[in-house]
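Shared between the two complexes below is chain A, which has chain B as its partner in the first and chain C in the second.
Moving on, here comes the complex of A and B:
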């Protein structure tokens, strides 16, 4: 099974991985110790809060990558589209808005998963096309306008129990649930098998279309969760929410977390560590007064280091 | 993902978006005094609410006058915009109207257009001084004034709180652009008149609401032990709203009524108007898409009719606070 192979490769490549992780941890710790303002409760809360949106999207990205569908280029857009829908649906009450937004995310993911899983369509092309279509339809339906909430019935989504945003707790819960699904259920094992070898999965009579649908539906669901919290945080929504680098950050976090780009290996809790590492480095760079460009540069360097180490590790494992 | 792959996917995405937009849009036909004239509009995309209002205002008035309009949209993608400028020049229209994604990268395109005999109108953001002789004319926002108004909002808000000293931060749009630099210049000019209020940090939020909220959250933590932050200038109202939410999540009070953080936007949107009305944002400044589009298209029509047009037309801007909300809420709420 895929997990046995993964364990074998992990053992073979463990010294290099430990060395890479150790080097990064020492560098980050040294930078943290010499950065005024880093070691404080409020700063740690700020770092955690910064993980929420990217983390929710990265959970879906991880499952997609494990299944061998590389990456989705549309999860950031799906988060934005569902954010817009959430604000629109608030007029039907908060419970209805949350449920219908999650449903929409699931359906949007399902359609892409069907095309990729059942028809073997290229996931990059399908998700880019899906993102563009969703944006186009959204502009047509909203007239390109930003939507404002009808009232404040979503305020609890912005609360901070123990000083930590509700969204961060939801992220932790989602990580736990998805990790359980991947490790302890038949569907999870099928996702790993599909990622390890599509031919072997087909030979084992797996329904590739069905597994693909589940994977992308789960990713759509996680993007919709991100959308709900994005809309609540911004007290409104428009396609401007998709202006930034949410999708790329989610890909970066997934790769830094050690998920194999070709599929078959990875875990969502390691992706969560990747998200936290990116947020911590971004925080350090900001606190030390470096520019926005430097933030992107450091993120790129860390991602490159991890991808190279993971690639070398898998080469040695063969 | 590599940068090249990212750019390729962006380009493919732009092509697909354009295709979707073409399918979803309707073509307007109108007869008017300028029938036979063509304009190529190279502009930011309708996924941005400000751009949507701006573009609609321009295209509808041009079409009403009988002008044939070709629209090339980009999502403030400077590389794509240069390609679109090349395409626009090859179409040989009577006028290219361009909203610069990055004024520096368009220097070559402006020179190329002049060499090809195609006049260029720069919109909203000022042209690089190196190409002032190459463009036909420009219709720009008074960005220095917008920055000054934001500075005055901050000073007035802090004085209303009775603060004798305060720390102020700025979360700007993309720092490299002339528009953002002009706004910051105006802001600093006014802040210099109140030296008791110090601008302690200026961070690039890249016009991104999510990033702006994240930066604010981290700066609130960074300066907590250094006297805290009492005021924030955000580049746009839609980036000011997540700053306010970040402050709330950091346990800070917001607005004069609560005796908390003073926040000013630097160009207005409906969300900002609602926030000022609710007493959270102290104020903002205009640069609304409707008025900006109105001045731009009127100048373009004048040019197409062969009338004399000034080289630089500066659209007047106004300060928006609770006191002046009635005057500006309607135009600001269109974007």
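Moving on, here comes the complex of A and C:
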């Protein structure tokens, strides 16, 4: 899937991506300057909140993309499912709820990761199918009702120490941890190697199933974290939480961060920049009163443009 | 299911060949035997209903299947399916044919642009068509202002779904005709063989003089065209169009295509296999609705079935099985 030898010529096509990111940043800055109500503490808080939800999911999306599995179509659904579970599990105490929600996210990811990593099952289709399956099971268990928290023991998750939401701190921590895992550990190197070329990774006798499991388990954790904060932010959870565009936003942010859609390249902190950009764009579009349709439309265009630009860059490098 | 596979399955190929017919046979037997295990029974009406459902989704499946046969994957077809129905309803109020033509024209443009980009830049079709899907989803919301549009001209839907010959209707006949034409084209023309060759080995077919780029563009146009037609027929016969149909039409289409023996790796499968996949899947859904299975359960089964067919299709599962078999015989 990934082109051989591409990694050694990383830098040649970079100006094109920088130009694309630069163009978007300038456009956003210009729009921000001319939009009334954009520059206010309240609005920046709203942007930070949006950054947190999309960002947590985007961290998982980035690792998946680097590993060569394109994207997951089910991370948004997993965030919703884990949010519902979190609210349900609150009755066992906050610590138990957080731990068991993370465990659930990890296990849900792990199963998908095994099918994709060990057997090379098509990641798009596996995650679409898994999403439908998980949604069906969650309706079976909850009767499709919205859940309300039994207690407000989760309130500290909504606090803002130093004016910054707890979720944002958790996001930064997650980015640091995952960046460390990717750069400094054997697992990280194996993830890049698998994304670069599955054949080469197999030839180097990596355990592809194991790497796949780790990647999707990590993504499951990040979706579960998003679920925990989504649930506490909304003081409840139902499948309707997924009616937005969480998953697509995360994909767009990952692409804007320069992660190669075919795998082998990318970094989590650059995804974070992509997330901030996407959150700002969403915010601007809302402030300017564009419709939901226009919002999705713009994001689709950005996504398509970045996919093409990054692809051309990798080709030019060859 | 992995356990079942390791216990003496002859080969993945036999499995692939026999799977569509086995599934169809099982579903038909289950339908016929319905009175034996429940109070429901299958009537000509329920079969007709099932085929109506299959007809529109069948075109989406055919579009997706054609791109898979050339080794690509068109996620945007789902978006074309949605916006095709939307345009047909919105602009076809007075002249249904007009709305239909507009929808099809848009589809040709969408398919042409995506196909051209894929052929020219050799970009992977998954991310590109994912972008395309999201753009179309946005466009569909824009066209409808995020509302479900009703179609006042009920006569069109009545005509499309009017029953004749026990289980047929014009809608079913149109779709069946398209499938037969596609099968004949793929089987009996030089171009049909070339299309399959592009999916089997792109480099080799280019070397032997096949116009690979043109075929890619053509297939993407065909995929979008069929998806828009399916979406338009669906919207006109149900007299309404929703801006976002969710992923479930796509889940149906991909499951049907994989059940029908088309390979994600490209080069294998055809329209007749897809028809068998579509019919068995929609009969299966009829079986569930006759049994009164709750919708969430149907969703669970849909997801599980898609997981099963995509795992059977997984390249390294076969590799793992071969290793196991060798280890046993050694």
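Here is the rule we use: the second predicted complex is superposed on the first by the 308 of 318 C-alpha atoms of A that agree within 3 Å, B and C clash if a C-alpha of one lies under 4 Å from a C-alpha of the other, contacts with A are read in each partner's own complex, and residues count from 1 in each chain.
Simple rule for what comes next: a residue touches a chain if its C-beta (ideal position, glycine included) is under 8 Å from a C-beta of that chain, and two chains touch if they have at least 3 such contacts.
Remember, predicted model here, so these are calculated numbers, not experimental data.
K.L.:
Do chain B and chain C fit side by side on chain A after the overlay, or clash?
P.N.:
By the criteria stated at the top, chain C and chain B clash after superposition.
K.L.:
Looking at A:23, would you say it contacts chain B, chain C, both, or neither? Reply first, second, both or neither.
P.N.:
neither
K.L.:
Please work out whether A:251 is in contact with chain B alone, chain C alone, both, or neither, and reply first, second, both or neither.
P.N.:
both
K.L.:
If you stack the two complexes on chain A, which partner ends up touching A:291: first (chain B), second (chain C), both, or neither?
P.N.:
Once the two structures are laid over each other on A, A:291 reaches both partners.
K.L.:
By the touch definition at the top of the document, which applies to A:53: first (chain B), second (chain C), both, or neither?
P.N.:
The first partner, chain B, only.
K.L.:
Should A:136 be classified as contacting the first partner (chain B), the second (chain C), both, or neither?
P.N.:
both
K.L.:
Would you check which partner chain A:144 touches, where first means chain B only, second means chain C only, and both and neither mean what they say?
P.N.:
both
K.L.:
Between chain B and chain C, whom does A:208 touch in the aligned arrangement: first, second, both, or neither?
P.N.:
second
K.L.:
Look at A:173 in the shared chain and tell me whether it touches chain B only, chain C only, both, or neither; answer first, second, both or neither.
P.N.:
The answer is neither, since A:173 touches no partner chain.
K.L.:
When the two structures are overlaid on chain A, which partner does A:122 contact: first (chain B), second (chain C), both, or neither?
P.N.:
second
K.L.:
When you line up both complexes on chain A, which piece of chain C, out of 57-65, 273-281 or 291-299, runs into chain B?
P.N.:
So the stretch of chain C that bumps into chain B is 291-299.
K.L.:
Could you give the residue numbers on chain A that contact chain B in one complex and chain C in the other?
P.N.:
Common interface on chain A, chain B vs chain C: 71, 73, 124, 128-129, 131-133, 135-137, 139-140, 144, 248, 251, 291-292.
K.L.:
Which chain A residues qualify as touching chain C in the complex?
P.N.:
Per the stated touch rule, the residues are 1, 70-71, 73, 115, 118-122, 124-126, 128-137, 139-140, 144, 208, 248, 251, 255, 261-262, 291-301, 303-305, 307-308, 311-312, 315.
K.L.:
Please output the residues of chain C touching chain A within their complex, sorted ascending.
P.N.:
Listed in rising order, the residues are 73, 75, 117, 121-124, 126-128, 130-146, 243, 247-248, 250-251, 254, 264, 294, 296-304, 306-307, 310-311, 313-317, 320.
K.L.:
Under the stated contact criterion, what part of chain B meets chain A in this complex?
P.N.:
1, 6, 9, 12-13, 16-17, 19-21, 23-24, 46-49, 51-53, 75, 175, 201, 203-204, 206-211, 213-215, 217-226, 238, 241-242, 245-246, 248-251, 269-271, 274-275
K.L.:
Could you pull out which chain A residues touch chain B in their complex?
P.N.:
It is residues 36-37, 40, 42-43, 45-47, 49-50, 53, 71, 73, 124, 128-129, 131-133, 135-140, 143-146, 148, 158, 160, 163, 165, 230, 233-236, 238-246, 248, 251-252, 282-283, 286-287, 289, 291-292 of chain A that touch chain B.
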